[in-house]
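I'd like to ask some things about the structure below.
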Amino acid sequence: MALLLDKVSYIYGGGTAYEKQALKNITLDIPDGQFIGLIGHTGSGKSTLIQHLNGLMKPTSGTVYFNGADMNAEGFQKKELRSKVGLVFQYPEHQLFETTVLKDVQFGPKNLNLPQLEVELRAYDALKMVGISEDLYDASPFELSGGQKRRVAIAGVLAMKPDVLILDEPTAGLDPMGRDEILDQIEKIHKERKITVILVSHSMEDVAKYVDRIIVMNKGGIAFDGAPKKVFTHYKELEQIGLAAPSVTYVMHDLNQMRIPVATDATTVEEAKQEILDWWRNVRERIIR
Amino acid sequence: MIRDITIGQYYPSGSIIHRLDPRIKLIGTIVYIVSMFLFDTFWGYLVTGLFLFGIIKASKVPLKYIVKGLKSVIILLLFTVSFNLFLTPGEHELVRIGFIKITAEGLRFAVYMGLRLVLLILGSSLMTFTTTPNELTDGIERLLGFLKVIHVPVHEVAMMMSIALRFIPILLEETDKIMKAQQARGADFETGNLIRRAKAMVPILVPLFISAFRRAGDLAMAMEARCYRGGKGRTKMKPLKYKGKDMMAFCVLAVYILAILGVDRYFPMI
Amino acid sequence: MRMIDAKKLVFEYIRRDEEGNVEAINRALDEVTLDVMEGDFVAILGHNGSGKSTMAKHINAILMPSEGTLYVNGYDTKDEEKIWDIRQSAGMVFQNPDNQIIATVVEEDVGFGPENLGVPTEEIWKRVEESLKAVGMYEYRSHSPNKLSGGQKQRVAIAGIMAMRPKCIILDEPTAMLDPNGRKEVIRTIRELNKKEKVTVLLITHYMDEVIHADKVLVMDSGKVVMQGTPREIFSQVDKLKKYRLDVPQVTELAYELKKQGMPLPDGILTRDEFVEAMMEVRNGAFTR
């Protein structure tokens, strides 16, 4: 087990008029190698939660364990933790500061006091992982396009060789193609490097295709946690908390109600298509007979 | 941590102080600041303190909230106080450790200096707590309007100030975010010597400046799109007019000044 | 009446190297012709860098065309004397809600435009009230914008434009930085303004589900208008849209994929209801044949 939250609560502005409980008694187990979608709307506590996973925030009560050790205990190496649990913030391109792409990606590994050769190797490797071509390595990061900047920023975290990669809305502000490119790349990294990926998003449709577990947050607590298909069976409750299952889920339910018997657990267009085509072939066969 | 900075923030409570004309608040603040240098006795501090306390009560801004604003200047405060404490020469020596000595004069001076600074900061932050930047702009613009005659761009300067105030919380939040993002990449802002720490600021400052410039560009475009073309031909949504309560405020201010001058003249020094 | 009339609009910007020699000439707009009638709801789709934002900035006379003509509400945008008339008749809402709110109180921000136009004080108050009510933000009139959600901020920005009494509103990716709830809020507001206040709307976006209610949709790619028509006409060409780095709503894609497999479905299905209805036709058709 990699990350474990035990009864974690977090209170903002404790003791003031603005006191707000951002996390309510959260217990969560994140084993190695999963691809997780963390979903919730703004203010649901998901950003607070992920900052607890790499020690940027300390719980007001409760414990966060990394590989069995309490990460907020005295003497725990926070720097090492942050290299193991890589956190990519929203609009990560806003953190770029170096004169060249390569130098910027080296910032993380350099902070880990690695030998220069290792730093460079890691930077090259990370840039390759996110699909930045070599002719851009010496360009200023500020000359790149929006999508490229974002990928460089993600490489900046990957270069620390994390075991867990957390991305806070990595597709915000990108166009559909940019979104697909980034998500495909992340999926590839997850598969090839066998690292745990936590994808924070507010779109079920975007993550349904990729993840094998969805955690839905609402008002600082965990509303649902499970495989996408299982979570989407709660599509009515999801709607109540301001989220929605992918539209195909609704379509399948609608069809069922109209006495077109299709399985309602389809979460992607591809699955829905197969399901409906099966029904269609069935109907035609029956008619031919 | 960085969100704790409250100076320059508006705190809406709809109190009588909030509804005063910004000009009287500006004049009041200036008078208040000047008054701090008109006396040198305990009684003076008492009157000033009570006056400020009364205004804070009337403003309905929680005292805790205002005092929180002191946090960000605590270093300056400590520096000034200790500077005065240790370096004021005097005859009544109280403590001596090596070459450092504390004199009675120094102690008195340090306490008064600290008090003065605290009262000064609290007083001027109260103005921004109770006055929206736009009102402030209007107030400054009207008060300094006479400078237009000698071609000082009063409106533009006032507008710049008000926009700066509006963006302070946004940029603070941004700083917080960038710091966290760089920390997530292993950056360390807390250890090392001064040069190292100064160098550690680069990864924060560069993105912050870039973001500030981008925002400035965006904002300029948005303002132009809303037909902003300087102060010429502009009308006001909330034009400034002195009302009854403003006149009363002027009277209160006058009484305060008289009290300060009187106390300084007729009460013995402590 | 014609609200926006663009004929063969070209916008070129010249990139120079350090010595000031011309390095490259980029055509951000390439002979764009656009007609928007008063009261229309027109959407421009395109991926990032397709030229759609450049187009928006021309309509607001922030940019001047290199070639071609552009009339907004009958004014030539090249006529510098009319620049304020143009900006008053075609107001513009930008992407980042934080960077377009000037004041620290909602009502003062909405009053900013009318103040600049020299509207008398009483009239400003009337307009501010009306505009805030039109976007459903009147209760928040004395709030600080910093405490509002993204969607609310964007509605305040729209009210700020409405208070200038424009005939037309141009929205440049107004929802790109919002969460799903905020997006819904803003799109609902825009549709209402179009219907009730008869404001001409030009919505620039890359979210496909936001344009299904538009009267007309244009697709831009590398500075050119490459597709135009009703949403139904546009969305029936899924492959072509994908080529231009765009995607389609899940329901539309599902129907399209099923049709490709031989199911007798109509072209360009846009909503869940349409899809379910079409599927029932399919079923009934199969059984009555």
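Which chain is which? They are A, B and C, in the order written, and residues in each are numbered from 1.
FYI, contacts are C-beta pairs under 8 Å (C-beta built on N, C-alpha and C of every residue); 3 or more make two chains touch, one makes a residue touch a chain.
This is a predicted model, so every value here is computed, not measured.
S.K.: Considering only which chains touch which, how would you classify the arrangement: line, ring, star, complete or other?
M.R.: Chain contacts: complete, every pair touches.
S.K.: By mean C-alpha coordinates, which chain is most distant from chain C?
M.R.: Of all chains, B has its centre farthest from that of chain C.
S.K.: Could you put a whole-Å number on the gap between the CA centroids of chain B and chain C?
M.R.: Chain centroid spacing, chain B to chain C, equals 42 Å.
S.K.: Could you please state the distance in Å, as a whole number, between where the Cα atoms of chain A are centred and where those of chain C are centred?
M.R.: From the centre of chain A to the centre of chain C is 30 Å.
S.K.: Please name which positions on chain B make contact with chain C in the complex.
M.R.: Touch list, chain B to chain C: 10, 12, 14, 132-134, 162-163, 165-166, 169-170, 214-215, 218-219, 221-229, 233-239.
S.K.: Touching residues of chain C toward chain B in the complex: what are they?
M.R.: 60, 62, 84, 87-88, 91-92, 94, 96, 98-105, 107-108, 111-121, 124-125, 128, 142-144, 146, 160-161, 164
S.K.: Which bits of chain A are touching chain C when the two form their complex?
M.R.: Interface residues on the chain A side: 41-43, 145-147, 172-178, 180, 202-203, 205, 242-244, 246-248, 250-251, 254-255, 258, 260, 269, 272-273, 276-277, 280, 283-284, 287.
S.K.: In the complex of these two chains, what residues of chain A are touching chain B?
M.R.: 16-17, 51, 54, 56, 79, 82-83, 86-89, 92, 94-97, 107-108, 111-112, 142, 156-157, 160
S.K.: Flag every residue of chain B that touches chain A in the complex, lowest number first.
M.R.: Where chain B meets chain A, its residues are 62, 64, 174, 177-178, 180-188, 202-203, 206-207, 210-211.
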